[in-house]
Every structure is written in structure tokens, then in C-alpha cells.
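Both complexes below contain chain A, partnered by chain B and then by chain C.
Right, the complex of A and B next:
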């Protein structure tokens, strides 16, 4: 196992100049020994490039990769001692489940008794013990993918195990069980795990630390609750959560934050010198407020949807002649009077969970 | 359009794909076909479109029998899971194709308006292959809308897109459907998608049409365990119980206090939606102690899998909550928020 440090950038073409020329913009990042990480972002965000740089499949066009302080930038995945699990099962159909699991160990000349005990342990963790003597050929896709996971996890001496969307072929009903397995295995084996996915459930459930990426940039590294409660970048607010965070234009006048012509909060020192910012509040934290309440703005409801366990109420805020204002979504518990389309309401948008942004970055100390 | 299916049955060889069913689609509204893979959604849609002739039964469009009439003679627009466009034609030409076929006037203007609606105006001169998946599906949708057909069928149109794109496009589609120009049929495997689209929902399972009604009503009052199962994500928690004097005995000495109707069977099933379980107690709750198996975090919700005193349960908590594997936890349930089904799986009681 290794502590992995990255200080690099990557462009697929020579002489990158603009941000768009980079698949990965310059970044510094450390994966601690034994940690569980996820790289999360939409397609084209650079997460797979980053994974391939860690494994050694891609050499960064600038900078370096350190494993336990040693520069491994020029080394192959094998030299780096990396285990990988891919989207689709990579196994030998003609071998038994046990032989498949043993393969990475046998390849490296691990003694037979050691192989047997390690294969037994991994098989037990993945609930494959009953199938060890069966040929892999006859198994269903999800059982095969479990073998792939097992092969990735079977070696104790790996620097890290890398997963590239490993649950793609798994039936939705089985996914949570495998997620649980992966978490348990991480607790037991204490391997460094890095997991690439575009699925927030996968990333947030699996990882202790999630790296959120967009357009070649890692915009935040944090726990699930960091990303939910304190998105450091507007992209994180938008991308995490369904629907994502609401954003509203705000102005700063006489050290007061104004939204849609209403003073909603007293500005903190960080906003004394600026005249505008963006207020961000998640639908989970928008409330129905009394007329004229502190921290609330008037809205006209455009849609009220019964989503079964809660209501999603959308309202337009700040529409004045020629300006459409912005849509704000509120996720409301069903145990209250729910407004309907066309109703005039007040949305409470300021509270301990409200964030403020400038140039897409969160501002600390925005409110007094 | 008023589309009505009477005793429609579909077989392929000896295999039954659809058991005899009747449905009259609510005109000029969205009907969601909800069901797992293989439930019969695509078979039903193909019959509605005229792509396949049913084995039995009649299809009536605005009262006229169109059973067996091929799709090209019917005015139907379809959108599939895969992004299907003409690869050698520009985006503009793709969208214009149904209009050109009909020799319509003012095509450029119409194409531009549709492209604007679906946010693909900047790409009108490009080829589909130069666009992202989401943009390609928007082109296919724009072409289907250009057709302005009285019946529009969409077979899991968003399934191959990233979830954020799905969210965005679903919203836009819901708005377009709300204009009420066509009767829309939309197939999905996802209960939440059905709820977000609203309209009416037809629940399908193993080739059978189980229930059809306003979406929220079907969700809140599923007529059977099968409907409840198909229309709950995460799956509804189902716990076996027996009728007792003061409610339903759940085992482990626990009773769910609920007034049962006279004549209820003795063997019952209690259904608990994940969202009905809380970690914070209220007066009158039943307490369900257990241990955390896993907390899945979706971004807006945390789904806590608990091995409880009455069996495995999943609770849905708003926001992000962290639990350690194996941690003790007590879930709380208001007995009025539970469903009760009889031994045949039919709904006896829904939450108040």
C-alpha cells in the first residue's frame, strides 16, 4: 500500500495554452495510505484520465506521481504494483472461480498455502465460497463481476486498487449489497482504494473522500456531508443532490445582502468590499415563510409536484419587468399546507446552511 | 388523440408478452408506463404504435379501429433509448425531415423554434456524431416534436444519459408535454421519474397491467403488493404479520396499532415505505431497534439499510447522514403511515 501524491497536469496535445487544451488542469492531490476515494464527475471531466495517470497507463504531460515519496512517473502499472477492476468482468471463463481469484497471486509466485488462505478469505467476503469450484463460464454477469472485484482485492501487497465504474453491469437491486461488501472489505483489508464513477450514489456511499471534477479541474475534495452542506464551488452545489442547489443573484448594499430587492442578511467582512455575490441554498433547506419574514423572499409558485415522500415546489423569485428572475425549488415535507401553481408565497432562503459564492468559489465569512 | 386498447394480448411464439388488457389513455396528457425490465412496456408501446400487430384484441384511435394498420399509415412519433438520428444529415435537416416529408412551409422557422426549445440552436449546422449523447437525444426529441403527431411514444428516452442531464431534460419534457398538444406515452423503470412527470401512471409487471390512474393516486394507494413494489424506490419494506385484536402483530412482541376492517384475513403483510421511517421519535410511534448494514448516500437522501427486530428495513432520511457499519440504530414509525395488505396481496389499508 502506498501514499500517493500527485503534482501534475495533462494535455493530450503539445504546447497547451488555454484551459480547454488540458484534459487535466494543474493539480496537487494526496491519496492517503489505506483511504477510500472516489473521483466523481460528468463524462469528459477528466476523472478517467486522472485514474489512468495514477495507474501508469497514461504518463502526465507535466509534473510527477509519487508513491510513498518515490517518483514513479515513468513506471508501468505492473511496476507500480497497481490492481485494477474495470466496468466489465475481466476473467478466464475456462478457469474455476478459485483459479480466477488465485491467478494474480500465482502469477507472482506466492506460495500455495498462502494463496489458498487469501483466496478463501476474499471469496468469503464476496460470498463466493459456495462457487469456488465452478467454472466461471456458466455464471451470471454480476457473479463474474464479483470475481473481477475479488481478483482486484486478492493481493495484499498492492500499492492501490483502482476501480473504473465497476458496478455498471450489476443489477440495480444487487448494487447496494455490493456497495456494502466493498465498504466492509475496505474496513477489513485497509487497502488504498480509488473509485471512478459518474454516479453520485456510488461515490458518496463508497468513499471517505470524494474528489468532484468538472472540465479538467478538481473543484472540491471532501466527505459526503462536506459536499452536501458546504459546496466549495457552485458546480458541486449543482452536481450533488437531485435537484441541486438553488442559486440566486445577490447584491451587497450598505453591508446588507439583498436578493430580489429584499434585505435578507447582514454582510460579513468578506463582502464589505464587493457589490455582488451569488446566494446558494439547497431545496432541502428552503422553507415556506410568513409574509415579510426575515431571510425570506416573495415567489410565485410555477409548479408543485407530489414526489411521494415529499413535495417539490418550484417558485419564481425576483421577476420584475423585463427580468425573469430565477427559479427556486423547495423540498417540503407533506405534513404542511402545500401551495399550488399560481400561489404567491414567501421562501425562507437564509439559514445556517446557506452558502455564498463569488466567481463560482464559496466565500468564507460572507455573513455577519 | 383518444387511444383505446380492448382485450389486447401479445404473444411471441408460445411466450406471452402481454396478458389481455384494457386501457383508455387519458387524451392530451402524459401516461407513464412503469415497470421493471421485461414487464411488457416495450411490447405494449409497439402495439400502440402499430409496429407490432397484437395477437388478440382491438386498438381504437379516436374511435376508429386501427388494429393491424402499419405504423407508416398511423401518425405516431417515437423516441427510443438509443439516440436515433440520420448520421449524414445536419441537426437542422434531421429536425426538418418530418416537415419536409409533408411538404410544409416555413420549415426553417419551425426548426429554429424547436431547436431553441431544446437548447440545441448552436448546433444546427453540425452532424449528430459531433454532439454529446445528451445533445443527440435532444435532436431525436426535436424531430419527434416536429412531427407534431397526435400520439407520441417515448421508450425510456433518458436512460442512457448522465443523471444531471436526465434531470434537466426531464424537466423540459414535462413542460413540453404540459402544452397538451399530443397524447404522450412514456416508459420508464424508475418510480421517481414517474412521480416527476406527474400525469397518469400505468403499472406493468410480468406482462400484466396492474393499475392505471393519476400518478400520485397510484403511488399513495397501490391496489396490491405488486403495484407497491413496482412503484417504490427504494423497494417498499414488507413485513409479515397476523391480525390481532388491536392491530397487526409483527412478531418479536410488537403490535402495529391500526383499526382493521372486519373480515380481514389472519395472515397479513405490512408495507412500510422507506420515507415513513424516521430516526427521530414522535408520540405514538412504534420503535424498531436494529443495526446499520449500510448507509447509502444519494446526494439529497441517505438510505439506511437496517437489520431490525422485525427483519431487514430501509429508511430514507433527507440530507446526508453518516452511520458506521454495525452501529445500533432505532427507526420510528407512525402506525398510521403503514400499508396493510391481505393474504392475497390486495390493499386493505393505506396511510391516512
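Right, the complex of A and C next:
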């Protein structure tokens, strides 16, 4: 097990000049020993590249990778003692399930009795015990992926176990089971786990710390509640949550924050010198307010949907001649009067959970 | 009642006619010859299975058959491993890959009789590069005089001509293995040998079966190269089955025995095809079957 420090950048092209040439922009990151991490981001954001750099399959074009303070940049995955599970199941066709699970241990010359006990343990954890003597090639995709997971977990002395969207091929109901299983395994074995996914639910339920990535950049590292309550970057607000955060253009006039012509809050010191910012509020924290209430703006409801446990009400805020304004979504509990499409309402958008952004970055101390 | 549409017969008819004229009628002619003693175009005698019995007892034929089987097995034993090794050492991408592919494929483009002629000259001790070089090194090499040398020369010639086919098939098979397998093997700490044994070889199974089938059947019917190189000699050393057949039919004009033997030859090849095809089918579906148990 190891503490993994990264200080690097990576470009697949030689001589990168612009930001777009980089698969990973310069970043510094630390994965603590025994932690469960998720790398979360849309396709092509660089998360798999980052994972392959940690495992040693890809060598970063700049910077270095440290394991427990030792520079391992030039070392192979084998020398780094990394286990990695890939998106699509990789199994050795000619071997049985047990031989597949034993393969990483056999290659390292582990004694036979030790191999047998480890394989038995891992097979039990993944509920593969009944299939140990079957040929792996004939199994279904999810069983094959369990074998891949098992090969990742069978060694106890690994520096870290890396997962690259390992549940893509698994049925939804099994996904839940396996995710719980992985969490349980993490508690039992205390391994450092890094998990790549584009599914926020998967990331937030699996990991203690989630790294949100977009366009080659890690924009925020934090717990599920950090990412939800205090998105440091507008992308995080937009990407995490269902639906994502509402963003409204705001101006700063006389040390007051104005949205759609309404003064909604007193500006803090951080906004004294600027004349505009973006206000962000999650649909969960948008309320129905009285007419003219403090921190509320008028809106015209365009859509009201019943989503089962809550209502999703969409309203247009700040629509004046020639300006469409912006759409604000509110998640409302069904135990109140729900407005219909066409109704004029007031949305309360300012509260303790409201965030302010400038150049996509969150501003601390934006309100007085 | 099931509707019956007799129009289908009409649609199949052209194929039936084509096959009849190109395969069935010639074959029946051969069958016709095989049961008659043709003394002259006007005089013929029905002899029943006599030619078949005679041919089966023929020492020359048994010798040719034995030579043929050992030759085909030798071809497989050399070309398959060599082809795999060649494919493994070929570059996977870049201009080098294209260049090597073209170079490797060259021998496949050369017609059989030209291959024979090339090697006939190549092996000559007076002007041939190989023959002269061997002679300079002190070997008493002569494909026209020494039976072993002639047999080996035909084998080497076939290896030179056809190993590239095996290599290209394997190369295509290797390129079809997803990168993730190599990455996983590297993570699992597999040695190069283990990667070959547990990833590459199993994944090559399909193309290897095709390669074995092609090379076995093809070498089993070899004719032109030994004909051009040695004419089947010295003695009978390179007289394989089709050579023997030609000598009988065209050289000695023994139409009856030749026809009887070509039917046997045909049946041998049909039987081998049948066995190999079934074996390929069985191995191919084994995985799927075991998945249901």
C-alpha cells in the first residue's frame, strides 16, 4: 500500500502548445494510503489517462509520479505493484475461473497453499465459489467481469487497486450489489482504491473523495457533500446533481448583488472590486417565496413535472424585451401548492447554500 | 397444409447445370474409366473393381502416399511455428508495418512453376547462389542426385513459398487482440512466454485452424514445384500423389488404374476435409456450449 502523489501533465502529441493539445493539464494530486477515490467526469476528460499514468501503462510527458515519496515515473505496472481492472472483462480463455484468479499470484511465485487460500477468499467475496472449476471462457459477461475484479483484488500487498469503469457491462441490479461489495472489500482489506467513472451516483456512493475532471483538468476534489454543497467550479455544479445547479447572471451595484433587476443580497468584500458575477443555486435549495420577499426573483413557470417523490418546476427568470432571461429549476416537495405552467411565481434563490462564481471559479466571501 | 412452391426448382436449375457440367460429368467420366479396361478407343472391357484392387496393392502408390503424408506433416511442423514466430516479430504499426507486409507477401504472388524454376536455378551448384554457396562450404549438395537433398529442397521451397501465408493470417489474428489484454497481462505480471501461452496462442486458434487446413490440403495436392524442380526424382524421392497420378494417366496412359486411383485420392481429400472441418466446428462451438451447463 502506498501514498500516491502526482505532479504532472500529459500530452499524447509531441510539443503541446495550446491547452487543447494536453490530455491532462498540469495537476498536483495526492491519494492517501487506504483511501477510496473516484475520478468522475464526462468521456474524454482525461480520467482514464490519469488512471493509466498512476498504474504505469502510460508515462506522463511531463512531471512525475511518487509512491510513498519514491519516484516511480519510469517503473512498469508490475514494478509499481499495481492492480487494475478494465472497462471490458479480460479473462484468460484457456484457464478455469480458479486459474484466472490465481494467475497474478502464480506469476509472482507465491506458494501454492497461499494461492489456494487467497483465491478461495476472493471467490467467496465475489460469489464465484461455485464456478471455480468452470472454464472462464464460457461464462456470461458479468461473471467474466467479476473474474477481472477478482484478479485485481487477489493480491494483498498491492500499492493500489485501480478500476476503469468496471461496471459498464454489468446489469443495473447487479451493479448495486457489486458496488456495495467493493465498498465492503475496501473496509475489509483497507486497500487504496481509485475508481474511474462517468456516473455520479457510482462515484458518490463508492468513494470517500471524488475528483471531478473536465477537459484535462481536475476541477475539484472533495467528499460527496463538498461537491454538492460547495461546488468550487461551475462545471461541478452543473455535472453533479440531477438536475444540475442553476446559474444566473448577476451584477454588483453599490455593493449589492442584483439578479434580473432585483437586489437579492449584500455583496461581501470579495465582490467590492467587480461589477458582475454568476449566482449558483441547486434546484433542491430553490424555494417558493412570497411576492417581493428578500432574496427572491419573479419567474414565469414554463413546466411542472411530477417526478414521483418530488415536483420539478421550471421557471423563466429575468425575461424582458429582447432578453430570454434564464431558466431556473426548483425541486419542490409535493406537500405544498405546486404552480402550473404559465403561473407567475417568486423563486427564493438566496440562502446559506447559494454560491457565487467568477470565471467559473467559486468566490469565497461573496456575500456580507 | 404447407404451401409448396415448385418455382424454387427453376431457380436452382442454373446452378445444378453448372455443377453438373463442371464437376459431376467429369467425375462420372473418371468413374466410367475406373471400371473398364480401355484397350483402344474402340475396344473396352468392363473389369469391375479390379483396378481399385490393383491400385491399392501397388507398392509405388503406397510409397507415394507415405511420402505425401510425411511431406504434408513436415510442411505443417515447419510452416505453422515459423509463421507464428514471423507474425510475432513483425512491427505492429507505422510505415515499417506496411513495408514488412509487402515484403512478406511477395513470395505469395509468384506462380508455382516460377517458384520451381527459381529454386531449380538457385540450387544449382555451378550458377545458383544456394547450390554454389553450399558447395563452397564443402557440402556435397545435389538435388538431382541425392534423394534426401531433393526432398529437403522441395520442403524448403514450400516453406519459402507458403510460410508468409501463415504469417499473414497470424498477423491479422494478433492485431485483432484488444490492447486491454496486454495491459491486463502486464498488470498481472505475466512474462512474455505467459502472454504468448495464455493470450496470443488462444486468440490465434481460429486463424491457426484455417492455416492448418489450407496448408495441409494444399501441400497434399502439391504438383507443379517438384515437377519443375526434379520431375519427381531422383528415383521416386519427390514423387508425390498427384505426380504419381499424372505419370500413370498421361505418361503411361493407364487410364483405368489412374481413374481408380484419382477416385481414391479424391476420397482421401474429402475425408480429410470432413474430419478437419468437423474438428474446427467442434472446437469453435465448445466455448458456447460450456456456457450453458
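Here, the second predicted complex is superposed on the first by the 365 of 368 C-alpha atoms of A that agree within 3 Å, B and C clash if a C-alpha of one lies under 4 Å from a C-alpha of the other, contacts with A are read in each partner's own complex, and residues count from 1 in each chain.
Going forward, a contact is a pair of C-beta atoms (placed from the backbone, for glycine too) under 8 Å apart; a residue touches a chain by one contact, two chains touch by 3 or more.
This is a predicted model, so every value here is computed, not measured.
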When chain B and chain C are modelled together on chain A, clash or fit: fit
Greater chain A contact set [chain C / chain B]: B
Touching partner for A:104 - first (chain B), second (chain C), both, neither: second
Partner chain in contact with A:55 - chain B first, chain C second, else both or neither: second
Touched partner set for A:284, first chain B, second chain C, both or neither: first
First, second, both or neither for A:84, with chain B first and chain C second: second
Chain B versus chain C as contact partner of A:179, first or second or both or neither: first
First (chain B), second (chain C), both or neither touched by A:365: neither
Centroid geometry (CA): angle chain B/chain A/chain C, rounded to a multiple of 10 degrees: 80
Partner chain in contact with A:26 - chain B first, chain C second, else both or neither: neither
Chain B versus chain C as contact partner of A:134, first or second or both or neither: second
Minimum Cα separation, chain C to chain B, after superposition on A (Å): 15
Set of chain A residues, in rising order, touched by both chain B and chain C: none
In the complex with chain B, residue positions of chain A that touch it: 42-44, 173, 176, 179-180, 183-184, 187, 198-201, 204-205, 223-225, 227-229, 238-244, 282-284, 305-310, 312, 331
Touching residues on chain B, where the partner in the complex is chain A: 132-133, 162-165, 167, 191-192, 195-196, 198, 215-216, 219-220, 235, 273-276, 293-300, 303, 305, 316, 318-322, 325
Chain C - residues contacting chain A, complex: 178, 180-181, 183-184, 186-191, 194, 198-199, 202-203, 287-293
Contact footprint of chain C on chain A as seen in their complex: 55, 57, 76-78, 82-84, 86-88, 90, 92-95, 103-104, 107-108, 134-135, 137-140, 148, 151-152
